[in-house]
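I've put the structures underneath this note.
Here chain A shows up in two complexes: once beside chain B, once beside chain C.
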Partner chain A sequence: MSDPNAATTPVPFRGGGFKPERIRFVGLAVFLALVAIAEWGTRAGWISNLTLPRPSDVLSTFRDLYDTGLLWKHLIPSLTRLAVGSVLGVTIGIGVGVIIGLFSMVRAGLVPLVAALFPIPKIALLPLFVIWFGIDEGSKYALIALGTFTPTVVATYGAVDNVDRTLIRMGQSFGLSWWSIVRKIVLPGALPGILSGLRISLAIGIILLVAAEMLGAQYGIGAYILEAGSLYDLERLFAGVVILSALGVLTSAVIGWVEKRMLAWRI
Partner chain B sequence: MTHLTRRGAMALLGGAAALPVLGTPALANTKVTVGALAFTSHAASFVAYERGYFAEAGLEVDFKFFQAAQPMAVAIASGDADFGVTAISGGLISLAEKGATKVIGGALSEEKGIDGQKILVSDAAYQAGITTPKLLDGKKFGITQSGSSFHYMGAKMAAAEGIDLNYIPLQKVPAVIGALKSGQIDAWAIVPHIAKPLAGSGAVHIIGDVADYIPDYQVTSVFTSANNAANERAKSAAFLAAFAKGAADFNAALVDKTAGDDAAEEMVKLVHKYVYADRPYDKAKPGIVNGAMRINAGAALNTTSVKDQLDWFIAEGLIKGHITMETLVDPSYVETM
Partner chain C sequence: MQLILDSVSHRYGDVRVLSDVSLTIPEGQIVCIVGPSGCGKSTLLRFLGGLERPGAGKVLQSGPLPDGCLNPLTYVFQDFALLPWRDVTGNISLVLEDHGIKGAKAARIIDDVLIRTKLSDFRNALPKQLSGGMKQRVAIARALAVSPAVMLMDEPLSALDAQTRELLMDDLVSLWTRTPFTAVYVTHNLAEAVRLGHRIVVLSRRPGTIRDVVEIDMPLDQRRAGNPTLEAHQARLWQLMREEAEAADKELSNV
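Up next, the complex of A and B:
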């Protein structure tokens, strides 16, 4: 077996790579470069003001919005709608999802129903919701709640299904009660899946914010964007869109923080 | 009486303005796309097309139908349509400010004595005792969007009555109708051919006329791209001349009713091809006859009314304050008042 040549030929290290590394500020640089190109193009004139607004004008529109206090007038109703609607949708969604995950009878009954509800464009139901829940806040809460409910249910029962069975069997052999197993093994085990599902649910909630404010909203980021669109006021339109994006980044960061806190037990 | 004389003068002036254009040699079959809504208020284009006035002027017209005024303005700006007829909305003015569109003529007008746009209230509000617009203080007034003609009418009415209204944006006309019928909103203002059948059904009630608050309101205008207005004068003038001929036929048949019953019947049949085409003729006829409002002779433009609308948009902060009439209107094509 001992080949003298093999000992003398050095084997280069071929491991490494294929592993995301954390590089700071590159995302920011890409973003800034795009904005700079848009600014340059609109100033130089090869991007017409009909195609894109000038980023600096968007910024000054945003500053006006802040100075006049209109920003809060629009942001507070929107945040309230998003919070109330998604808290409703997410809590009921997690509850239903866990129950589906635990009881086969409920699963057989509800999974097809959820599958039927999921693909319905919630915007299509808005006129109906207006009749059911009134044109004021009720219909907006309901729309966002329904929109966040279905993805949460699907993510939750998927997460419960993926809890390691050997851990459950171990709990059973240690004589834990059913309730103890649910509390100490199933729920913590499902939490990573539920939280990553939440990222999607909340993003859908933000998308639906604009839809919810289509009917009967005088103030709100969605109403502001729709109004800017109908007035063909691109600066306001983009200012509104930037606020929505910021909202998306913010919710994602909050979930990231919650993950860090609640999933610290993971190695 | 001043009305009659002025109207007569207007017709003469409009005719005079159109004459030199008619004398010019026809353009060699220029293709144009005309944006339209399937409303009676767009009848002048339909008449000009069906009776060959566009063809005589050397224009090969294609209609492109839209669901609302706003997308039409955007289509003109993007070059997907050449001419459009619609209400002066905030979007249209913003596009004019960006150098994309220009108003070149007038179309539908409010006129005292001719059934115009109506102020409606829901049945619930009516039962609660709101029988005149003055009692609408603090009530919900339906609009499609901020800066739409509905918003303007509501605001003008509220200012005249010294009341405050809550404007509820509902995006689309059918949504406003639904909300009014179900009592989700209290009031709205709309053209007669929609208002009257609604009131007839008993779900809503007519409590006033828009013309009482905004006399001589220039409801819709003819507009085109800035390029057409500035560089394609022959084409734009030819379009306006043919449009004016269509308008004259329409006014004679259904508004002034000077052309006799046969002509009126024929006109309704013509318009029915485009408006309420999904309903049988007998059912569509009252809607078309009720919807007949004056389309300005010679496509004349009431610049006083347009100025008032522009000032209102600026006062409401819906458009930028530096926009002037020159930005919005090219007055060189038609008579202005």
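Up next, the complex of A and C:
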């Protein structure tokens, strides 16, 4: 150990990693690089115009869409459907999830039902919804609502199950009412799980929105993409896809912002 | 108010946890319960506070409640049980809100308990910003806020390091000296028991029965670490505990 002739070497470092860090702008850089490659390839000719539309053409299509006012004509019905459907599905889903989490009897009755609903591709039920809720907006709301409902329920009752029981015992030992325990201990404790479930629910909502609009709508991003696709108009197809991606990024960012504001108490 | 356990026995499935425990918690005293781990101390405490019912026997209370008492039987938990999303003030007001105490009246109570637990500078801190000792002070402040008749403390210092434990023991002694309170203090640490207990109840291994009750007359504020009388008490308690702990240890390993 204390042999003075032995060479000293630093202890090899083996720690580090396994810890997500926040690195800004890398995502944007990757995205811009891909767009630049596509632009270069289509201009230089080693990507044929039938394989991929030129990004600058997609941009000008998008500008046309904006200038003619068609953008809002398609976007507003889509956003309304997404908002109405997912607000319905998510609120009912959180409500049912909390009740399943709190009452064993309800859990026994509803969990198998939710498990049976979950794997059904909801879009397969659209004809049924058309009969029940009409060909117009009703069936689309119902489809998006059902699609966001099931993942929200599963995430919510899982989150309620994971609330620290010692906190609930504490509430009871101080004589808090049942309703106070639910409101002040169970719900805030379940919020992290509910919000991460919401990310998945809203993504599913967007997928179903497009599917429903493809199957029967005059206006909407889904209808726009379908029309472009059947004409093999790749610029318009891609313009539509870009709008959907932007919608996905936006919802995810909103949830991230809510998490940052409301879950600052986490370690 | 005093609490009385009248031949309480209990079993979980086939496991007998407590057997014929009778005990009185006199008003104004701290009763320490010591015993090997798994002997039913926490279970006994849950019976005393009405969080669980014993299989046999009775848990009784007698005598008037103290003035302004909101929650007669109040726990202090080993793992603090603070709501991580509420700051120090919010965690204390949590237990006042349900009694309709809000605004200025709540602020007065909160100020008072924060001063008594030396937390006035931390009123807006979240639990994640506090050390273990501070968190337990918040939990003690929360318990004091409801003016309990009996405090039920389940190994309140076991999650803390030795130095913090010493500091908090001093704080508990000065709290008690200023306004004597009634408490049941569960611990497996005999040094804590002889520092804080007016009366120390030694439980046997599972199923827990009372092996001995030791009374220590010395006033709490005169008890110092290294005091010969306390050392003697501690040595005697260790004699009692030792066989039980050894036997309990073997029992657990051949389950």
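Heads up, the rule we're going with is that the second predicted complex is superposed on the first by the 248 of 267 C-alpha atoms of A that agree within 3 Å, B and C clash if a C-alpha of one lies under 4 Å from a C-alpha of the other, contacts with A are read in each partner's own complex, and residues count from 1 in each chain.
Simple rule for what comes next: contacts are C-beta pairs under 8 Å (C-beta built on N, C-alpha and C of every residue); 3 or more make two chains touch, one makes a residue touch a chain.
Computed from a predicted structure; not experimentally measured.
Shared-chain residue A:188: touches chain C; no touch with chain B.
Once the two complexes are overlaid on the shared chain, A:230 sits against chain B while remaining clear of chain C. When the shared chain is aligned, no partner comes close enough to touch A:104: not chain B, not chain C. Contacts of A:174 after superposition: chain C is touched, whereas chain B is not reached.
By the touch criterion stated above, A:131 is placed in contact with chain B alone, chain C being left untouched.
Using the contact criterion defined above for the overlaid structures, shared-chain residue A:9 touches neither chain B nor chain C, since it reaches no partner. The contact sets of chain A with chain B and with chain C never meet. By the touch rule above, chain C contacts chain A in their complex via residues 49, 51, 70-71, 73-75, 77, 79, 81, 83-86, 94-95, 97-98, 126-128, 142, 146. Only residues 166-167, 169-170, 172-177, 180, 184-185, 188-189, 264-267 of chain A touch chain C when the two sit together in their complex.
Considering their complex, residues 48-50, 127, 130-131, 134-135, 214-218, 223, 226-227, 230-233 of chain A touch chain B. Of all the residues in chain B, the ones that touch chain A in their complex are 70, 73-74, 77, 89-91, 94-95, 98-100, 140, 144-148, 166-171, 175, 178-179, 182, 184-185, 318-319.
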